[in-house]
Amino acid sequence: MIIILNSKATKEQIDEMLKDLGNLGLKTGVINGEQKRIITLIGDISKVNVDGIKAETFVEDIRRISEPFKASNRIFHPNNTIVQVSNQKIGEGHFCIMSGPCSVETEEQIIYVANRVKKAGVSMLRGGAFKPRTSPYSFQGLGSDGLKLLLKAKKATGLPIVTELMDLKHLDLFSDVDVIQVGARNMQNFEMLKELGKCNKPILLKRGLSSTIEEWMMSSEYIMSGGNKNVILCERGIRTYETATRNTLDISAIPMIKKISHLPIIVDPSHATGLTWMVEPLSKAAIAAGADGLMIEVHNCPTKALSDGAQSLDPDQFDDVMKNIKPIISFCGKKLNEA
Amino acid sequence: MIIILNSKATKEQIDEMLKDLGNLGLKTGVINGEQKRIITLIGDISKVNVDGIKAETFVEDIRRISEPFKASNRIFHPNNTIVQVSNQKIGEGHFCIMSGPCSVETEEQIIYVANRVKKAGVSMLRGGAFKPRTSPYSFQGLGSDGLKLLLKAKKATGLPIVTELMDLKHLDLFSDVDVIQVGARNMQNFEMLKELGKCNKPILLKRGLSSTIEEWMMSSEYIMSGGNKNVILCERGIRTYETATRNTLDISAIPMIKKISHLPIIVDPSHATGLTWMVEPLSKAAIAAGADGLMIEVHNCPTKALSDGAQSLDPDQFDDVMKNIKPIISFCGKKLNEA
Amino acid sequence: MIIILNSKATKEQIDEMLKDLGNLGLKTGVINGEQKRIITLIGDISKVNVDGIKAETFVEDIRRISEPFKASNRIFHPNNTIVQVSNQKIGEGHFCIMSGPCSVETEEQIIYVANRVKKAGVSMLRGGAFKPRTSPYSFQGLGSDGLKLLLKAKKATGLPIVTELMDLKHLDLFSDVDVIQVGARNMQNFEMLKELGKCNKPILLKRGLSSTIEEWMMSSEYIMSGGNKNVILCERGIRTYETATRNTLDISAIPMIKKISHLPIIVDPSHATGLTWMVEPLSKAAIAAGADGLMIEVHNCPTKALSDGAQSLDPDQFDDVMKNIKPIISFCGKKLNEA
Amino acid sequence: MIIILNSKATKEQIDEMLKDLGNLGLKTGVINGEQKRIITLIGDISKVNVDGIKAETFVEDIRRISEPFKASNRIFHPNNTIVQVSNQKIGEGHFCIMSGPCSVETEEQIIYVANRVKKAGVSMLRGGAFKPRTSPYSFQGLGSDGLKLLLKAKKATGLPIVTELMDLKHLDLFSDVDVIQVGARNMQNFEMLKELGKCNKPILLKRGLSSTIEEWMMSSEYIMSGGNKNVILCERGIRTYETATRNTLDISAIPMIKKISHLPIIVDPSHATGLTWMVEPLSKAAIAAGADGLMIEVHNCPTKALSDGAQSLDPDQFDDVMKNIKPIISFCGKKLNEA
């Protein structure tokens, strides 16, 4: 960490700051530039009050040299993490596709879709019971009833299930859920993250709509520092100025995460674009860029779906997509998980 | 609402869609353009399954003509809303400044700051007890103890208090809080918004970091459609590509909200920029643009603050800011609330 | 096109507007909604003064239904355009890789790099003679001398060359250049685009840093409406809030362009991220998403490069990248152009 | 400047780099952190090949400590620059309003508007002769004929004129123009900036649509390092995800420029929002935030304007705006320039 001083800094102020920092056990140094002076810090900077130092009138800026995340940092954990879900693995060559409807609507619907996606080669069922909707006038999901239907579909097909937790008060209902999804809007719901750090279930952590990769890592840090190491990251598009697609899939997040972290990362092309016809090319791109899995919305009848119909493939369309992406998974040296 | 069809649409498909829409009680029309055909819809479109229609292969797009928000819409409520907090009003010429530290740290601190900001002309005390922090390794706030200290400061000074709710499980602790703040990260925590719609306390709804003005209106709609009409909006900067400031204050949000909504809107220049020296010019700009209030961070000793020191003014600096912004409040025809 | 009126619109105003629009040869209609009224327009809307209509106090908004671009629009040109460069084709299955240094520096350098990339399987040489640099204190390129060196390398290797035009006054020097590049900063240099519309050389049109896909299409329209149909689009990353990469590669631009336009599109992963180690995974992703080519920076000695060293591969690294991406080009059904 | 090394750096590599940097006349130092090593550099870093160093495999990052701009930097020029235009000053308390139509259309029009805005209190006439339009099918301006009409209006009213240069080939026509405008799309047209650095006319440099403040400073550096110190900056809104306004006015750019630079800065609220009814509140906000002037579009008949009608005030509306903003100019201690 370095502290950049401005020209107002007096010798007394610098000396006092050096003393304070030394008392934290840090090794300090001073470099006198032509216009600016710099204090360098070595050691455990987690105790440094960064904001407090920035508030000093003689300090211009303070900059980290090391990443602030540890548990998810590849530097400290060089090997790829493999997350175990039921009897399958995710990461390190194990490729997982999670599919299903945006919202669980009826028992027939979810079991039908579950069977179809299983037949198409999917190894995990997704489905929303608690739904975050921009408008209070939109369908809000079936809630706990939806969760029960999902569990019936799990029983009927053997597919493990992943579904979103919207509020901690519902956590007790999630005991038979295989993977708990933290949605994009909750990526920085820190109370939720802390609580999920205490459970031992795999967590699917979606990237926030305008979260930096570093903030995403810090959110996984909330979960992992609590003791739960089973985090799967999910890139689902970020908000940009472009309006041709609902969001902009940040494809570079995949190699970047692979570089800085050991966690598996999957991609959700359905939410990234909001356009069904883009699911196939973006799925292929995600695979080629190194993703460990995909999350794709499939609905028995998108035109009658109670939510997100426009970005849901129907089972026949999905069969085609699966047929077209399976070869590229193998080509890229990954093995598609089986149900 | 209009539905844009593509060239694949057959007469049968169009007729069926018209029938379905007619069954919802809507008046429909068809316009045959040179390249594209359009279906027009008149009536209560809230029952239209927008996503489902978009999912039809013969539909290119569907566009709203009317805003999807109602309770906060000026069209239906032409008069400005005045929110009553304790014995003061906010909105319609009543200007409210809320100040205090980012985090409540000690009894001495909060009472000292409360007294200083009150003396400077502030009519509401802000202070964080539950703190959303990007890093799990940062100070997380004093929690319920912090809330107790805030209430002591309220008792000591008579200032009503505003503080952030981070999770519904803490809501019971907020019974003596005057204004409940929904932070930027929780603007789309819909379960929280629904619950706050059932209480009768004023809610300070901060704009999400990358939320559109329409999404912000929809979040206020969650609260208001639940029955709680006491919503104060707070613009606090949006995320853009610019890195010179922490966020970019969207000054045009003020006149835009005044145009489309009847709710009061205040501005938080401290979070908008992260720079203390920008608080004064941006406060003046916010007043000139028509804001109904300001929220400004003040700490007894920013360099020792446990959070956000870099953007906190010390009480003496704040005295100066207040001295410089008071005249422009009057000049713009607003009356500063008194404690 | 539809015009949305507000509640202030009087019968007289509407009638006059309908008359004016009718005089333009348009078929008009009026739809009376519950809150808003709409005028619908059918016919050649290119004569409609959109801004003027928006300026009417009784008009709320005006929205296009059809895309404003024609020459580059797939609706009017269903077949993919193939651009011929020297003896090779780009588009419709013909995949072209353009490589070379950011800046041409010396004769030895450019001929060495040209030979190396040719040997690696590249069919076109890129190199900057006129360089757009953010700082006036940075190396500005060799200018016309650089262009002469590029032509020597063309002669020595037989590789056609692509290089950037920064100002029309240099256009005369470009007579032996095979493809003229319009850089991201000049995507909306309309005088340049108009002039390039009059020449018959292939134009590589890079997307502006914050240009929408529609604006990009409109810029290609400037060239094409002038008579030059040989436009190759190049996605090179857009500016977003994320700072982990220099820009964010908009991978969805590839399928989107394929959907709405018939023009070939290539990807520049070097500029998109500014990171050499990301070139390979993003190249693969671009190929998988359907790109027609790649533009990759290669320098004989990146650590001594006078510009963009940090994002330039050295020839050995590039050999590896080529070895790894060639199979996926075939796998995706494309044929790599040969020199 | 500091260079951050990764764990691969060997003693030999570091020693060689230190030697190379020493040969540039720089004072170097090495700090051995726990995970990372840092090289510190003091002296004239303009000779350092930043990109080349970044390209070393053992280098992780390289960061500037000082700003890269000099001529426009307040550190080296503490006093505010006052730009003289004809017989008036801009900056340091002298407030200038520039108004007129987006496009010059006819002699009657421009002279009428010039007289009206002069009467309203404006001291400079703006008007477009060469127009950058997104679509080739839109009105492209009258070109040199428009320039002649502007000069007639200048003669008729005595108002100095400001108008946009779109291409260097037209520069000769600008000899009687008082202020040359560089539009947002040309902020990084470096050939143009270099040429304008050689003339002695005041330059109005608009901020690019997605340019950082630092990039903007670097563009002014192109002009100033050429010898022309008469640069007026113009904030005109940046591109963000928000669609409620055409752009987002970056109000914080005003105090930021005042902090880091000595150049005057004006604001264009017409382009910033695209909405006439926002011109007044945003003008007030700009004045309160410290701007040195405003540029406002006024058209004799916006509904018949050939460009930008939707954001143009008519002369009567403009009279009202002027009446309402004049008092706040004085209140903020500025003096409005007289014609």
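Before moving on, here are some points about what is shown:
The chains carry the letters A, B, C and D, assigned in the order they are written, with residues numbered from 1 in each.
Definition applied: a contact is a pair of C-beta atoms (placed from the backbone, for glycine too) under 8 Å apart; a residue touches a chain by one contact, two chains touch by 3 or more.
Fair warning: this is a prediction, and the values are worked out from it, not measured in the lab.
Common neighbours of chain A and chain C, by the contact definition above: B, D. By residue number, over half of the contacts seen at A-C repeat in one listed pair from C-D, B-D or A-B, namely B-D. Averaging Cα coordinates per chain places chain A and chain B 26 Å apart. With centres set at the average Cα position, the gap from chain A to chain D is 39 Å. Mean C-alpha positions place chain B and chain D at a centre distance of 32 Å. Multi-chain contact residues of chain B, defined as those touching 2 or more other chains: 210, 239-241, 243. Of all the residues in chain C, the ones that touch chain D in their complex are 46, 49-56, 68, 130, 132-137, 140, 166-169, 185-186, 188-194, 209-210, 215, 218, 221-222, 225-226, 239, 276, 302-312. Those residues of chain D lying in contact with chain B across their complex are 210, 212-214, 238, 240-245, 248-252, 254-256, 259, 272-273, 277-278, 281-282, 284-290, 327-328, 331-332. Those residues of chain B whose C-beta lies close enough to touch chain C in the complex are 2, 4, 29, 31-36, 38, 40, 42-44, 63, 65-66, 75, 210, 239-241, 243.
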